[in-house]
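Going by the order they are written in, the chains are A, B, C and D; count residues from 1 in each one.
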Amino acid sequence: MTTIPADTAGAHDAHHDLPYLARKGGWATTVWDWMTTIDHKKIGVMYLFAILIAFFVGGVAALTVRLELWSPVQTVQNAAGESVVTGREIFSSNTGYNKAFTLHGAVMVFLFIIPSIPAALGNFVLPLMLGAKDVAFPRLNLFSWYVYVVGSLFAVAAILLGGVDTGWTFYTPYSVIAEDYHRVIAMTLAVFILGFSSIFTGMNFIVTVHKLRAPGMGWFDMPLFVWGIYATSIIQVLATPVLGITVLLLTIENVFKIGIFNPAYGGDPVLYQHFFWFYSHPAVYIMILPGMAIMSELIAVHARKRIFGYKFVAFSSLGIAAISFIVWGHHMFTAQGELASAIFSGLTFLVAIPSAIKVFNWTATLYKGSIAMTTPMAYALIFMFLFSIGGLTGLFLGSLSTDMHLHDTYFVVAHFHYVMMGGTVMALLGGIHHWWPKMFGKMYNERWALVGAALVFVGFNTTFFTQFILGTKGMPRRYATYVPEFQSLHQLSTIGSMILAVGFLVHLMVFVMSLAGGRKAPPNPWGGLSMEWETASPPIEHNFHHEPVVRHHPYDFDDTVPPQTDPAEFPLPEPAPAGRGH
Amino acid sequence: MIAQGTGMTTLAAEPIWNVGKGLWFGDDASTVAPRVDSLFMFIFWVSTAFFLLIVGLIIVFVIRHRRLPGVAPQRSASHNTPLELAWTFLPMFFLAIMFVWGFRDYMYMHVAPAQAEEINLTARQWSWLATYDHGGSPTETMHLVDLDVPIIPVPKGRPIKVVLHSVDVLHAFWVPDFRVKIDVIPNRYTTTWFEATGGATQFDENGQPLPYTDHYLFCAEYCGNQHSQMAAIIRVMDEAAYQEAKAAMTNIWDGRSLEEVGQILAQRNGCFSCHSADGSAGTGPTWLGIWGKTETVRTRDGATETVTIDENYVRESIYDPGAKIVDGFANQMTPFTSEQIDDQELGAIIAYIKSLGGGSN
Amino acid sequence: MSHAEPHAIEFEHGHTHHVTSMRLLNTILVILLIFTGLTVAVSRVHLGESLNLWVAVAIAVFKASLVCAVFMHLLHDKAISSLVLFFCVLTIGFFFLFTLIDMDSRHMVDPVRAAPIAAPTIVEEARAEAIAAGELDPAAHTDESHDEHGDAGEH
Amino acid sequence: MTTIPTTGPGAGVQASAEPWERYTHQPHWRNREDEFEGAKLGMWLFLSTELLLFSGFFCAYFVLRHFYPDAFRGASTHFLDWRIGAINTAILLISSWNVAVAVRAAQLGQKMILAGNIFFASLCGVAFLVLKLALEYFPKIQKGEVPGAFFSYAGGHGYDPSPYDPIFLSVYWVSTATHGFHVLVGVLLLWWVGWRALKGHFGPKHYTAVENVGLYWHLVDLIWIFLFPLLYLVP
């Protein structure tokens, strides 16, 4: 393949050698520059701020939900013999609670987790890792950010109009017979629009990976982060359109009162569930695969060890992506026919295999490593702990007879929080700390970040492990009130959520302190080998002064001095005895 | 609140992996429950073993191979194909066991024995209406949290097939103590079955053993505003008591006044999940003192009218609730058909509402 | 314009792009039109509920493959384009297959679970309501007053 | 997607040359071939999302037809005129051929043949929409042959509408309306390409937009190839 030297564009590019964060003039000019930028790094940073705002909104809703569940509702007779409702904490009716959990679910899923790692960190890191100047379609990239913003505005509109109480799954017929259907329409349109943002990002990354790898970078020279994001993008492109048509049909059902899903007009409500989960199960992997992708980077760099079984890890990403399309029915074991349930249950167990492969390989990578207890490494370990629980509890839900008991209980709630939050959010936090010096050119306070990580770990387990027990003992999900037997476990869970919130606030403080007065970051603080560490921190506008050429494997820690580091800080092992190289 | 049970039923030859079951499960009160629990505990111990293995290795590695300044890491193999193939295929063995075991018990849950007695269960927002083979429905209720819920008697030691149907949105039938769950769908029937064993003995407030055991029936599929109040009690009793309870349902008109029958019917049809009889606020207007009141209502085309709450209005509001909605309330009620509440029953309900007092009439 | 039929053009640095011949394009168009006629003709013949459907789908798949292969250049394109289409179709296949398996197997264990039971009476009710509210005038919507193509597709 | 740079290495070509001869590539690509292939891969990915979007309609169609075969047969024969569908199929097939010829013309540098075929194809698209609106949508709305609760067709000519008819009409309306929207977008894209073709933007060295808009137009055709027999020809 022919390559054109990086300086083709000529001398007028000199200002592109400045850090991408450099201001372009006055306040207004800078804002305009950011709003119209097609630089993948700036778009990544804009996504990062957008998803953090969404996380805050969703988090507040979650805390509200937990506070409401501090006590069951009880009516007692007061002295005058009247019935009095006691124990209601926040909401005067169930509807308030129902809206809060719907808001929490919808915001966290559609506005936060799905765009979080691919759109924010992926946008920033992926082209750098490939040695590319930008993503394949930079303008489409900016457009997808605006699509995200417009979609979010629809969601905000739905909230401001009074909120939606359908649950984030919008199950028919409840979502098509509600009297407040105009808000449901606003919310489903938001999901529809956000889907396009997701599709565009996915398309962009696939083409970038195919066409913009640095010269000399074969498929198996790519960092595993790129493999993970690539697999994610495939799912985004192939699954999201079905969500699009689902919510579009839902909107049409609400507006024109037609009958595809609504049984009152001859439709089939279970058909809606097939449509919905055909997207939303793969979407689970849109959420977790990027987390796994980050994990491989964190483990390898902070343990200074080549990822054990690189190809197994790479192919397991594709394997997960492929299998994710044919297991959606395990969300419907209580609703669908026996034959379909049996098929889906069998296929569901298959998806456990590639996930297990990844965990085993990460564990093996730690062997004989040089493990630094940095915050990214701490989050990698937290991820392995929590994701293992999340993954293993999936077995209870994939198995038909146990799922009949556990379906739609707090066991499910705990399971997917262990995967989504214990997996994806922990990986995201680790990834943000890992690339923070690269993104903003500042170091953060390691000690306080570790305190935050410890609080998050303790708070998370307190919040969600109790919910496994609540579920098996008989607590259904989405209950505003509950029988008093469950109160103590619910209270424990609520206390945990408070600890969790404090942990996140500590992290927020660490980030703000870093931006305000952090030590200037070296180009390669962790001794990483992938290409993003070869450029400055923060990177220059065009990423690299000269088009980089691949000279070593991204995980070849045994034989490569990390670029731009002091060799004394990252000593290499003894040279391999002759004939024993890899 | 259901009386607390004590102790576990003694089961012959518990499998070894059932150790620790008490942490996870409450009572088991059906023939399928021990099967589900047994698989659950099997998966639990297999998972725990894998989990401890991984976490143990991680802890050992993190301590032994921690980074020391100036110390170079050791070399190690970049891959080991036999090892990787082993941990790819070894888990499949356990997964296959779980799948087959789960599928076997799932089919057991779904194929009702031919001699099973059928109970029809109709779900609506937000109540359960059980109809027995003789056409009767439960009349007894129990106060649960903030609502009176029906008590559905079932016999001990005999299979019961439940045929479920919803008149509005999705619901799910779940009896945690039976480990039985099935979705209730508006456009088709679903079925499940159980054979109640009763589980541990329950006691009344004075510590006396009860002749029956009570088990929660929850709606497990989110169905709207009062999803969490959509509950019932399944009461497991011996055959004689069951037959007696069934017989008591047959003619609710015998020996009862019109108002009393109306109250039973209102309870049965789930009216009280939205309309209180004591003046407290709900999804719908309270019935206390409503009779004869003049209310401002919204008609379907958005106009505002005033109506007097009389027989005509009540009748219309049962068969076509959306026609005139009292101001300040949402149109959330699913209409009843004249098969669900016939003229005679309507008269009883009207009599009951009248009896709750109000202005004129 | 030359009458020579080039099979390829040079795009850049030795990369050539295939040029489809006019003869092939014309042939494909004719085949497509013929098969459109054929699918209409077949639908006139009653082969039974599912067979008619399968034949119609098969003809449509054949026509679609021609469009993809020639008009959309998959025949001479890089393999990746065909691969994208292949995975897309595969995904759709799984979507249809499993959904239809569920829809057509509910009755297997218990026949009572089979068919949709709720006749869409609400359509009738909604119409009655709309008529009562004066939004609809059923008399104005019969073929007696609008007679353009009411019998168009009959038999 | 693409711009014509006024500076850079491509500017060295003589001033009389057509814009396509001066085109190089956007700065983040390594060469024109990569850019062309990348754009086409992106387009194919987008097309696959479109196919998946429409697959929802087809899935709903198969499921509902499985539930209500008689209603589908009755409603299809009574409410839809296969002749309009067949004419529209032919129109789209011919326009697809035009677009394929246009790509060929772009490759061979035949500017007027390129523009002519593009505009003819867009006219076909307009004809498709006009036929659809004038002969199907408007009369149907007038007669109340609309889906769901607004269905108010009271029958005639010996046809007694069944309560299941609106289900077929639901599928018909949502799928053809979505398809019609795609035709509309396609027509606008064809105009954009035709206008740029007239300005000389496309030739053997640069015809990315012709190729990609062409692919999109073929996809619109492809979907109609399936919609026509399934909706209009239920025996």
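Observations, loosely collected:
One rule holds in what follows: contacts are C-beta pairs under 8 Å (C-beta built on N, C-alpha and C of every residue); 3 or more make two chains touch, one makes a residue touch a chain.
Every value quoted in this text rests on a predicted model; they were computed, and no experiment measured them.
Of all the chains shown, the one with its CA centroid nearest the global CA centroid is A. Among the pairs A-B and C-D, the greater number of C-beta contacts is found at A-B. One inter-chain figure worth recording: chain A and chain B are separated by 34 Å, centre to centre, where each centre is the mean of the chain's CA atoms. If you average the CA atoms of chain B and of chain D, the two centres end up 50 Å from each other. With centres defined as mean CA coordinates, chain D is found 13 Å away from chain C. Here the spacing of chain A and chain C, counted between their Cα centres, is 37 Å.
For chain B, the set of residues that touch two or more other chains comprises 107, 110, 186-187. Multi-chain contact residues of chain D (touching two or more other chains): 31, 37, 41, 45, 48, 51-52, 55, 59, 63, 67, 148-150, 163-164, 166-167. Among the residues of chain C, those in touch with two or more other chains are 13, 80, 87-88, 91, 95, 99, 103, 106, 109, 113, 115-116, 118-123, 126.
Pairwise, the chains that make contact are A-B, A-C, A-D, B-C, C-D. Note for the complex: chain D touches chain C at residues 31-33, 36-37, 40-41, 44-45, 47-48, 51-52, 55, 58-59, 62-63, 65-67, 69, 76-83, 86, 89-90, 93-94, 96-97, 99-101, 103-104, 107-108, 110, 113, 135, 139, 142-144, 148-157, 159, 163-164, 166-167, 204-205, 214-215, 218, 221-222, 225-226, 228-230, 232-235. Across the complex, chain A meets chain C through its residues 2, 210, 234, 238-239, 242, 257, 259, 263-266, 268, 270-271, 274, 278, 325-326, 328-329, 332, 336-340, 343-344. Remark: chain C residues 106, 109-110, 112-118, 129, 133 touch chain B in the complex.
For chain A in complex with chain D, the residues that touch the partner chain are 1-4, 8-10, 12, 132-134, 136-140, 199, 202-204, 206-207, 210-212, 237-242, 244-246, 248-249, 252-253, 256-260, 265-268, 271, 274-275.
By the touch criterion stated above, chain C contacts chain D in their complex at residues 1, 6, 9-13, 15, 17, 19-20, 22, 25-26, 28-29, 32-33, 36-37, 39-40, 43-47, 49, 52-53, 56-57, 59-60, 63-64, 67-68, 70-73, 77-78, 80-81, 84-85, 87-89, 91-92, 95-96, 99-100, 103-104, 115-116, 119-124, 126-127, 130-131, 136-139, 141-144, 146, 148-155.
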